[in-house]
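Structure, as structure tokens:
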Amino acid sequence: MPGPKSAILRRIAPQLVILAIALLLNVLIFPDFFHIDFRNGRLFGNLIDVLNRGAPVALLCIGMTLVIATRGIDLSVGTVMAVAGAVAASMVVEGHGWGTALLAALLAGGMCGLWNGVLVAVLRIQPIVATLVLMVAGRGIAQLITEGRILTFMNEGLIHLGAGTVLGMPTPILIWVTLGAVAITLVRRTALGMLIEAIGINERSSRLAGINSRVLLICVYLVSGLCAALAGVIVAADIKGADANNAGLWLELDAILAVVIGGNSLLGGRFSILASLLGAMIIQSINSVILLSGLPPEFNLVIKALLILAILVIQSPRIGYLLYMLRAAGPQPQPRPGTADTLPKRKKEAAR
Amino acid sequence: MTDPVRPVLHARGISKFFPGTIALDDVELRLNPGEVHALLGENGAGKSTLIKCLTGAYQRDAGTLLLDGAPINPASTAASQKLGIGTVYQEVNLLPNLTVAENLFLGRQPLRGGFVSRRRMNAMARETLAGYGLKIDPTEPLTAYSVAVQQVVAIARAVDMSGKVLILDEPTASLDRDEVALLFSVIRQLKARGLAIVFITHFLDQVFEICDRATILRNGRVVGDCALAEVSRREVITMMLGRQLEARVHSKKTGTVGKPLVQVADLGRRGMIEPFSLDIHEGEVVGLAGLLGSGRTETANLIFGAVMPDQGRIRLRGTDITIRTPRDAVAHGFALCPEDRKSEGIVGDLSVRDNIILALQARQGWMRPIPRAKVTEIADRYVRALDIRLASLDTPIRLLSGGNQQKALLARWLATNPAFLILDEPTRGIDVGAHAEIIALIDQLRADGMALLVASSELEELVAYSTRVVVLRDRVQICELTGDQITPDTIVQAIADDPHPHAEPV
Amino acid sequence: ADMTIGFSQIGSESGWRAAETTVTRQEAESRGIELKFADAQQKQENQIKAIRGFIAQGVDAILLAPVVATGWDEVLEEAKDAEIPVVLLDRTVDAPEDLYLTAVTSDLVHEGRVAGEWLAEEMAGEDCRIVELQGTTGSSPAIDRKKGFEEGIAGQDNLEIVRSQTGDFTRAQGKVVMESFLKAEGGDTICALYAHNDDMAVGAIQAIKEAGLKPGEDIKIVAIDAVPDAHLAIANGEMNATIELTPNMAGPALDALEAYLANGTEPAKWIQTESKLYTAADDNQAVYEEKKNLGY
Amino acid sequence: MIRSTHLPLLVTLATFVLAFALCASAYPAMLSTRVVANLLTDNAFLGIAAVGMTFVILSGGIDLSIGSVIAFTGVFLAVVLRDTQMHPLMAFALALVIATVFGAIMGALIHYLEMPPFIVTLAGMFLARGAAYVLSTESVPITHEFYDTLQGLYWRDPSGGRFRLIGGVMVLTFLVGIVVAHRTRFGQNVYALGGGEQTARLMGVPLASTTICTYAISGGLAGLSGIVFSLYTSAGYSLATVGVELDAIAAVVIGGTLLTGGYGFVAGTFFGILIMGLIQTYIVFDGTLSSWWTKIVIGGLLFAFILLQKGLTWATQARRRTATGSAAPS
């Protein structure tokens, strides 16, 4: 039986390859891409930028991966970012410390997540619609807090979360890497991961097997809200101001995209947070290509769309199956335990 | 084999590989016109896979397919339907969101001026179903009816579409006697019309009753092709299993009936099941008998908390307990192996290992993960004990054959070491070998002091393991049989007092 | 109130826009006018719906801040039919002039030109590599301010725009894009930044600081809008110039309207607001104090 | 007897009537033909696109690209009419073909490569909008006498409301959509696909052609919607109709269609559109909401409608025999 280590490696191999290609594209456009130096007390270089700028999406996709694993989707994360940023900013502007502000922001994000969770798990509203409500209304709430302006602040502690460094390393990088590691450990060292997968694949069966699917569902949306809140605080801290109008705008789509590029199915079930995080970095590398290319901005979307399409086509299960068949071509394919996952999947059925 | 008649459908050298499995290996199947051909084999032998290869649901990896002597290559089920091959696949494969009539006529709706004529479609559906003794409203959604009704609709659809060949994959698994009899009379009519029929089932009685010839599969290979008049039951079983099936004398009801474990008083839910009371003792198997739709499944679901009762109470070992969700029930040591394994049992994309451990892990809570080594050990133990056929423990459970899925579900609940085990149709779709094993297992569990409640449509089976049988009719408990009263005849008698076996649904 | 006016606002996508809304409200209130406000969430179709709604309610006049120049003929005609005068705020439309009463706007191209001319003068013939932060791709301020700036620096061979990318009018994107400019071009080779609005410039200032350079000295910064934070930055020496886009479009608009409704005085078809240039020479701290409560 | 399957439709209808009555009691001016005419005209393009979206959602998919396709079509028409001598009708045909083919390609990717619709159409959304930018970032006005002729086609009722051609096109689209969904084999196949892809396949539904046609229809209707939008605004603008896909999804869902596919009605979407239009009209009539309260109120009303619908459905279902276990299909 293959060890868990090699299984993980096999799982994330496609993402690693794609990330390598995306970085290579960057190098082709800008040969100095990998150059990192120490400037002004901080690590300075394009690679650091990719890690740093990818932080919000990376944070979002931790929660989003879990939500998607339960067959849900959370469209409200971008808005929750705005709300959390606004809350944190208004707290420090009113003179509270950065710790209190951070807590308040997390509380706000948690409440948003809870609201989504209750709508989905208790009222049984379809996730996409349930979270659409907050996606629309939440930005209004954020603007209500900031009264529509960019609420600037000077609190060093809060700013440090977004624009500061620890030992030269930008804080956002440390935050998302740490949180990612914690999340991965939490779901894989406990039974949470499996239980979440179970309710994502077949909620009814899981409920009958004694899983508390309702609480678990609420929890994933809660986590998603918390992650979004943290991302919101980072984004606000980065520009020293809460921009309720634009913070996190359309970022939910990037987060979902990252999860999908991470090879996770939107139909729920098996998931990998690590792969999603790689997906986030892939997206950020693509953004970096666009910025470094120096092409006029009218081409941004076309380039992004084409690159994403290429990635998805490469990753499509059907292509994977074809490759598998090519490798296994021959009159008597050897039984290969554990590779059944490469089969084309049509999971829709399983969950009804 | 020099058959004088040319076979309607002739499959030669069919092979099908799945990653990790050789599902079919050089299989030959000859279907003569006007014959009912049984396809037999253990769970996982490859029966369903074979018919999927014949009808274009899977693409075969090798072999030729001749229809009336001409080679065919159906690329999809639609193509095979056009060629006159009608099929009922294992598990009901109809669409829950469409009405009965829409399901019946999907893809071949009566048209008027290019548009679907619903009026005519509904009228035709009513007429078709009446031929099967079903007086139901075809404009209702399919899900308004029980699995049995759905199965009949699926059969009616396939029959309607089969110009030359009709393939039935375990159509009788969820039917009761009357419906089976009806189905057989339909099959005989079709046979007289010269149709070739493939019939898959695990009920050997039915095989010998209706079939002319049989092809027997084992591990994806043909091990026998014979006229049923010329072989004995015993020989067929031996071919299927590759060994003799020890005739087990059911060491009936040894061990002692202990204290009452679960006492149900006036439990009921309006519109679903009338209030009922039931005591189940340790070391006792209570059988639930009744016609389809008599409320057995509802009874089980109510006790397990899968459906919230609106009245009544449950006592466990003399103390009142509240069960609002299956989770509460599991916490109290209850277990329920549900009837509909596809939508209520398996978690398709999880591995067999995870599926087996699921209930135990859910009871332990997420904080206390069961170590991987222990999980593997438990799963291994039950795979061996129940003889579950699989490529590896990491195989997603949806890739297992139907019978093996059922066994894995049984393993899930046995792993929780329940005090009270509810089994709803535990042997549905299970092969003869495993059937005997499961009955032996139920006996064993009872002798070890577990309390069991088993709902089953197979009376012989109920008689074999029940210490007491509760008979339901129209969602009301009508009587209880004990000791020597428990024979298939008395049960049938108790049920048969019902004047309207096919009552219209409310 | 004896007069009801409908105001179809684009949305609240920026601080400037919020300020415009605030000022309009204040102006209406001080004149005793009842203002029906409709936020269009950046969508033209919503603005059209709002105008039709105003017509159905029978308001006395309509203020419209059009999100885009085209596509108003039909609905303006309906307003004209219903004899409701329409005044355009901060942007004009491509419609026959008789369909609206007047337009109170600044000249976007002119703003860009002022910025370009300021930079040309500031550099005084020295070589300068300029990076540009554009507004949202496709929006008229982005297009016009780019055009104006290019006109402003036309004929100056020493000035060259080396990189131009969109920063979506936001602080966050301004910072991100500036970061990539600094890396792609090398911080010390960039001599000036032109941003289509102040928010992007403020974001870029932070990126420049993080790269260890001095904004305003190492890299000259000119932007448009003159929001309070820009004044603050100029006061701190981190920014060099900004061109004001006044949020008080409603004042002149309501003046014209009141005159028209009172005795039919036809106002000029275009009331241009001033595009004032602020540099370090002005008392930016004072302007900041004055502006900071306007809802920016 | 009321069919259980028609319940969501009736609930939506009831919700609309109730909501209209409430609005009219607050603002009597809303009870005019003018408002009705506005509802039809102003929501024409959204309604047309939502018909396509209904088909896609019924089949169990989703199409996020429609907003971008509408914008692209508009810019395409404007640029073609500006730069060439082509007659608008010819340009319309060309635009429809492009949009339909675009949808079909997405459908083919979804089917043959087994990629999730959400992501394929998301990429489609980027691509279409990107293509619009590449054609022109500036808003391009359309000045063609044929456009003036089309825009001049309206019926003016005495109170001043104008029932315009595009409103008629929307109503016609809905009627055709209803017939296609319920009276053709293709429509039935779409429902079947939404009910369960694997089962539908075993029952002989041609998955490939159904999937591709569904997305082609959605693309084509988005193209038609783009034409209507260009008539509505006499221009093509690459930044137009951002986020219209979400409005369309909301309308479809409010109209009682399940996002998981298989259950719902095209007619329901019509009332969904009207309800959304009503919300906006109400907000304009109110006129006191600030920008942020507008958003909060829209979200709140959306929630209220969903809840109302859920409640009505539950209440009616409770009286019927419930099947087993968990509440509603989610």
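First chain written, first letter: the chains are A, B, C and D, and each begins at residue 1.
By definition in this document, a residue touches a chain if its C-beta (ideal position, glycine included) is under 8 Å from a C-beta of that chain, and two chains touch if they have at least 3 such contacts.
Predicted, not measured: the structure shown is a model, and the values here were computed from it.
Undergrad: Please flag the chain sitting at the greatest distance from chain D, going by CA centroids.
TA: Centroid comparison gives B as the farthest chain from chain D.
Undergrad: So how far apart, in whole Å, are chain A and chain B when each is placed at the average of its C-alpha atoms?
TA: Those two chain centres are 42 Å apart.
Undergrad: From the mean C-alpha coordinate of chain A to that of chain D, what's the distance rounded to whole Å?
TA: 30
Undergrad: How far is the middle of chain A from the middle of chain C, if each middle is the mean of its Cα atoms, in Å?
TA: Distance between chain centres: 35 Å.
Undergrad: Calculate how many whole Å lie between the centre of chain C and the centre of chain D, each centre taken as the average of the chain's C-alpha atoms.
TA: Each chain reduced to its C-alpha mean, chain C and chain D end up 34 Å apart.
Undergrad: When you check chain C against every other chain, which residues touch at least two of them?
TA: Chain C, residues with two or more chain partners: 12, 18, 21, 137.
Undergrad: Hey, what residues on chain B touch two or more of the other chains?
TA: If we look for residues of chain B contacting two or more partner chains, we find 96, 306, 344.
Undergrad: Two or more other chains in contact with one residue: find those residues in chain D.
TA: Residues 133, 137, 196, 199, 290-292, 294-295, 325.
Undergrad: What are the touching chain pairs in this one?
TA: A-B, A-C, A-D, B-D, C-D
Undergrad: Residues of chain C touching chain D in their complex?
TA: Checking each residue of chain C against chain D gives 6, 9, 11-12, 18, 21, 35-39, 41-46, 48-50, 52-58, 68-74, 78, 81-82, 94, 136-140, 142-143.
Undergrad: Spell out the part of chain D that touches chain B in their complex, as residue ranges.
TA: 3-5, 179, 182-185, 187-189, 191-192, 194-196, 199-206, 262-263, 321-325
Undergrad: Any idea which chain A residues touch chain D in the complex?
TA: So the residues of chain A in touch with chain D come to 73, 120, 123-126, 128-130, 132-144, 148, 203-204, 207-208, 253, 256-257, 260, 265-267, 298-306, 308-309, 312-313, 316-319, 344-346, 348-349, 352.
Undergrad: Can you list the residues on chain B that touch chain D in the complex?
TA: 57, 76-78, 81, 87, 89, 93-99, 102-103, 106-107, 109, 111, 114-116, 118, 139-141, 143-144, 157, 271-272, 297-298, 301, 306-307, 344, 505-506
Undergrad: Within the complex, which stretch of chain A touches chain B?
TA: Listed in rising order, the residues are 1, 4, 189-192, 194-195, 197-198, 201-202, 204-212, 269-270, 324, 328, 333, 335-343, 345, 347, 349-352.
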